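Take a look at the following structure, please.
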Amino acid sequence: MGQQTSAIVLISCKDQIGLVAAVTNFIHRNGGNIIDLEQHVDSQDHEFFMRVEWDITNFKIPAHQLGEEFNLAIAQPLGMQVRLCFSSEKPRMAVFVSKMSHCLFDILSRYQSGEWNVEIPLIISNHPNLEKVATTLGIEFHCIPMTRETRQEQEKKQAALLQKHQIDFVVLARYMQIVSGDFIRQYQNRIINIHHSFLPAFPGAKPYHSAHQRGVKIIGATSHYVTEELDAGPIIAQDVVPVSHTDDIEDLVRKGRDLEKIVLARAIWHHLQNQILVWNNRTIVFQ
Amino acid sequence: MGQQTSAIVLISCKDQIGLVAAVTNFIHRNGGNIIDLEQHVDSQDHEFFMRVEWDITNFKIPAHQLGEEFNLAIAQPLGMQVRLCFSSEKPRMAVFVSKMSHCLFDILSRYQSGEWNVEIPLIISNHPNLEKVATTLGIEFHCIPMTRETRQEQEKKQAALLQKHQIDFVVLARYMQIVSGDFIRQYQNRIINIHHSFLPAFPGAKPYHSAHQRGVKIIGATSHYVTEELDAGPIIAQDVVPVSHTDDIEDLVRKGRDLEKIVLARAIWHHLQNQILVWNNRTIVFQ
Amino acid sequence: MGQQTSAIVLISCKDQIGLVAAVTNFIHRNGGNIIDLEQHVDSQDHEFFMRVEWDITNFKIPAHQLGEEFNLAIAQPLGMQVRLCFSSEKPRMAVFVSKMSHCLFDILSRYQSGEWNVEIPLIISNHPNLEKVATTLGIEFHCIPMTRETRQEQEKKQAALLQKHQIDFVVLARYMQIVSGDFIRQYQNRIINIHHSFLPAFPGAKPYHSAHQRGVKIIGATSHYVTEELDAGPIIAQDVVPVSHTDDIEDLVRKGRDLEKIVLARAIWHHLQNQILVWNNRTIVFQ
Amino acid sequence: MGQQTSAIVLISCKDQIGLVAAVTNFIHRNGGNIIDLEQHVDSQDHEFFMRVEWDITNFKIPAHQLGEEFNLAIAQPLGMQVRLCFSSEKPRMAVFVSKMSHCLFDILSRYQSGEWNVEIPLIISNHPNLEKVATTLGIEFHCIPMTRETRQEQEKKQAALLQKHQIDFVVLARYMQIVSGDFIRQYQNRIINIHHSFLPAFPGAKPYHSAHQRGVKIIGATSHYVTEELDAGPIIAQDVVPVSHTDDIEDLVRKGRDLEKIVLARAIWHHLQNQILVWNNRTIVFQ
């Protein structure tokens, strides 16, 4: 878990001999103590992935030079794509909501209790009804209504707010609006959505109605990074709950709400822990 | 659970006032003691479903007249569709397999230990490799190879064997062949298949490959009655198991096998307990 | 689900012939339409349990006489214990909390969204820190600190508040205090607790520490009615989540919080739907 | 997964700087390609654990010298406890059973299909009833009845058979007998038991009866290494299944059987993959 200051490096590159040795040597010879190390090789694509976290209390390279030195010594020679972050950083998250409150309330409950290492300066909704909740907690709330005609213009307002608040990533907490490709490309692998079905079953609108119609015996929820294709982005977390013929659509909706908020929270947790790499529209979620 | 001799009636009809009272009165005034009663009303279609089981030890109507008397007194006046069976009956089941043995072995393990009230006189396969297992247990085994050209002819052989052995229902225990519409219509809601995915996700061939490609975090298995549309019949039971990026396709196949056999066994159990009604391509599974 | 006005009767008595017929006849001949009926027989104790709900829109007996007439016609002759309630009633619930907020927030989120048919006029805590949350929602909040010495006196204050607010049942939402036998007897089967383990494993204090120490691979949460023996009351709902050696105690606590709030909410739901009967320190939870 | 020949090293030692670097350097400079690496640090005890598997096709050190060289270069200087094995080795497993067949059948089904890299030369039972199954598959079967009086003498016969067949580890597949401390000490962390409850709930005899009595809403099964204290050894795997008031003890037993065989098989899988380390009566199960 580590309350000390630590550095985290996420790596992907073609698999080759000596990758782990190279990285762990770099850390060791500079006085770092590894807190956590996980690696994975995609056996089909021969792609190598790694997440390593180490204590930098006595590290010889100062934090602001670490990225450059790691690049020169390790990443460039070995052809690695690298993401570096520090446990001392507090990511800034915006929440997009519509009318339904259960995911937002769950997020705010965790936010207030300090469960997550995150700052939430901004909530955006296409409806005004959740404003009071946000402002009670001192979070800026903006109601930006959406229609097909105004989408382009309204998204500009959203983008300006995200920029103003230096938002690192966006959570769509049952935000029932299409997000444009332009917007998505600006926040690649940084928009987390919760879809109320066990994807790839029942993408799109009204999945509980479809689930009821099909007569499934289990329903699910799926959190994923948003890509331009609807409900087809890299899956971060999924969970399910059993149902039966005694559950009508209202029951599915009610049982599903509990899944949705928990599965969304798990995805946010992994994102905040810098545990996720995306490859070929799939995620590696280090533990 | 009841070791005594009992009668079971499964009912479906338009919902109306007095249905439960009519049925339970019939049982009561003839000296029957209800062991189990479940009812369900489909709130969209206003269709009524019921399963009632009662001890017939001291029942005034003899078993061979029960069907007729229940029809005259209750079912016809109230427009019910009725299925009557007795706990003393031992259904006769045939198993269709291909090369993979895990579902068949699981079925035979339960058969031998007496877990199920069933007779299995017949196993049919399109491959010879599981013959020894069958014959060791004294079960007739027939290898009936299938090609697109010979299907019609070979299905006739299958049908003749089913008839000869007075088979009540058929279990496709990872039988990797298409079954013709003619065959299916003869055994409506009496052919149970196990599909190796969480339907409706990944119907058809190679679902584990598709699941891996999509990067799901949970895989499933689905048992259902076979209908003419592939993998689209009424679902009886489903279950799932979590997976992660560390699982390659082989791992999914291995983990999936355990799901498949358990989920198939659950469906067979419900079928044998006469707990299943089919309505609008969905199942009511009474407990 | 039923938005219409309905009556619900919960019955327990010695099993005997004709019970279902007697009850359903009573309903039918007075013009009631059964919405839901479930019965259960304890096969060891030969005890009969039943829950029946019927539409009373056109019922010949007015609601205020229903209890008496049912007693005279059915319950007394057949030796039944009966609980009668109406879907139009809105139960009044009090929440007891300590410092931890996750269960309370979850309850309030459901309360505000209208998920439950309940009134929450009162929150009592032994700490002041959640006062603001309560008052924001217009719920009376009382901080009643507890020590071993003051328990008796302080419980009197609690009891007075419950009486003043006409509380029907109490939810201990991670209320980390012992409740006295006197108090429990006044609210028999009307105090719902959430315990943060898979009971009967790890009763008492610090179950996550014990779970970690034992090296379990799954942790759980248990909601139950409070009885005088600690963590030994009738279990209403349980759920679990997998853990591994990578989870330290903090991780168990974090993962457990999600279980606790969901499992507690399920118990409250069943209680509010009048689906629970208690027998021999076990629950029958009708669906 | 790796079909190539690989070496696997399992390490435990006090945590210290440079452990991963030391091991991965050793592998790298001798021409090994890491297939899989996992490490874990117990944050309470500051103990370090690691499992690393590497392709030895072009490894400079021959397999028969690898243990010695690794010890001299790495393990001794760093104070490591080390277990070395090779993917080309096929462990030899004995199965102990009593009358119940479901776990044994499940094991044999996997054995015959080649799911596991294992040799099963020996089955020992205190009852004769499963002899035919064993001998059909060409496995030696010995019936060694047990009474309190004859235990010591009969265990000598068992031990002699294990030695004769060069057994590496023993699986108690619902073997309903106490195993003596002497026996256990000879096979430390090499005897896998399946207990039919969610330990630590319901240790000892008749756990399904106790579960029913307590009214739990979920039942479980637990596989663990056998230690001298009954049902208290290091847990390898657990799983659960929901139950309800409708399930009597027979139902629990039936549903539990499916859990037992699957959970036992998972433990055997992890053991065969050399994924398990034991520390302080807990397991680290690398994935």
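Which chain is which? They are A, B, C and D, in the order written, and residues in each are numbered from 1.
We take it that contacts are C-beta pairs under 8 Å (C-beta built on N, C-alpha and C of every residue); 3 or more make two chains touch, one makes a residue touch a chain.
Nothing here was measured: the structure is a model prediction, and the numbers come from that model.
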| item | value |
| --- | --- |
| Shared interface numbering between chain D and chain A [over half = same, under half = different] | same |
| Far-end chain from chain A, centres as C-alpha averages | B |
| Chain C and chain D, separation of their C-alpha mean positions in angstrom | 42 |
| Rounded Å distance, chain B centre to chain C centre (Cα mean) | 37 |
| Set of chain B residues in contact with two or more other chains | 1, 43, 244, 246, 248 |
| Chain C-facing residues of chain A, complex | 1, 100-102, 105-106, 108-110, 112-113, 115, 136, 244, 246, 248, 250-251, 254, 257-258, 262, 265, 287 |
| Chain A residues touching chain B - in the complex, by the definition given at the top | 40, 43-44, 198-202, 214-218, 220, 234-240, 244-246, 248, 280-285 |
| Touching residues on chain A, where the partner in the complex is chain D | 1, 17-21, 24-25, 27-28, 31-39, 41, 43, 242 |
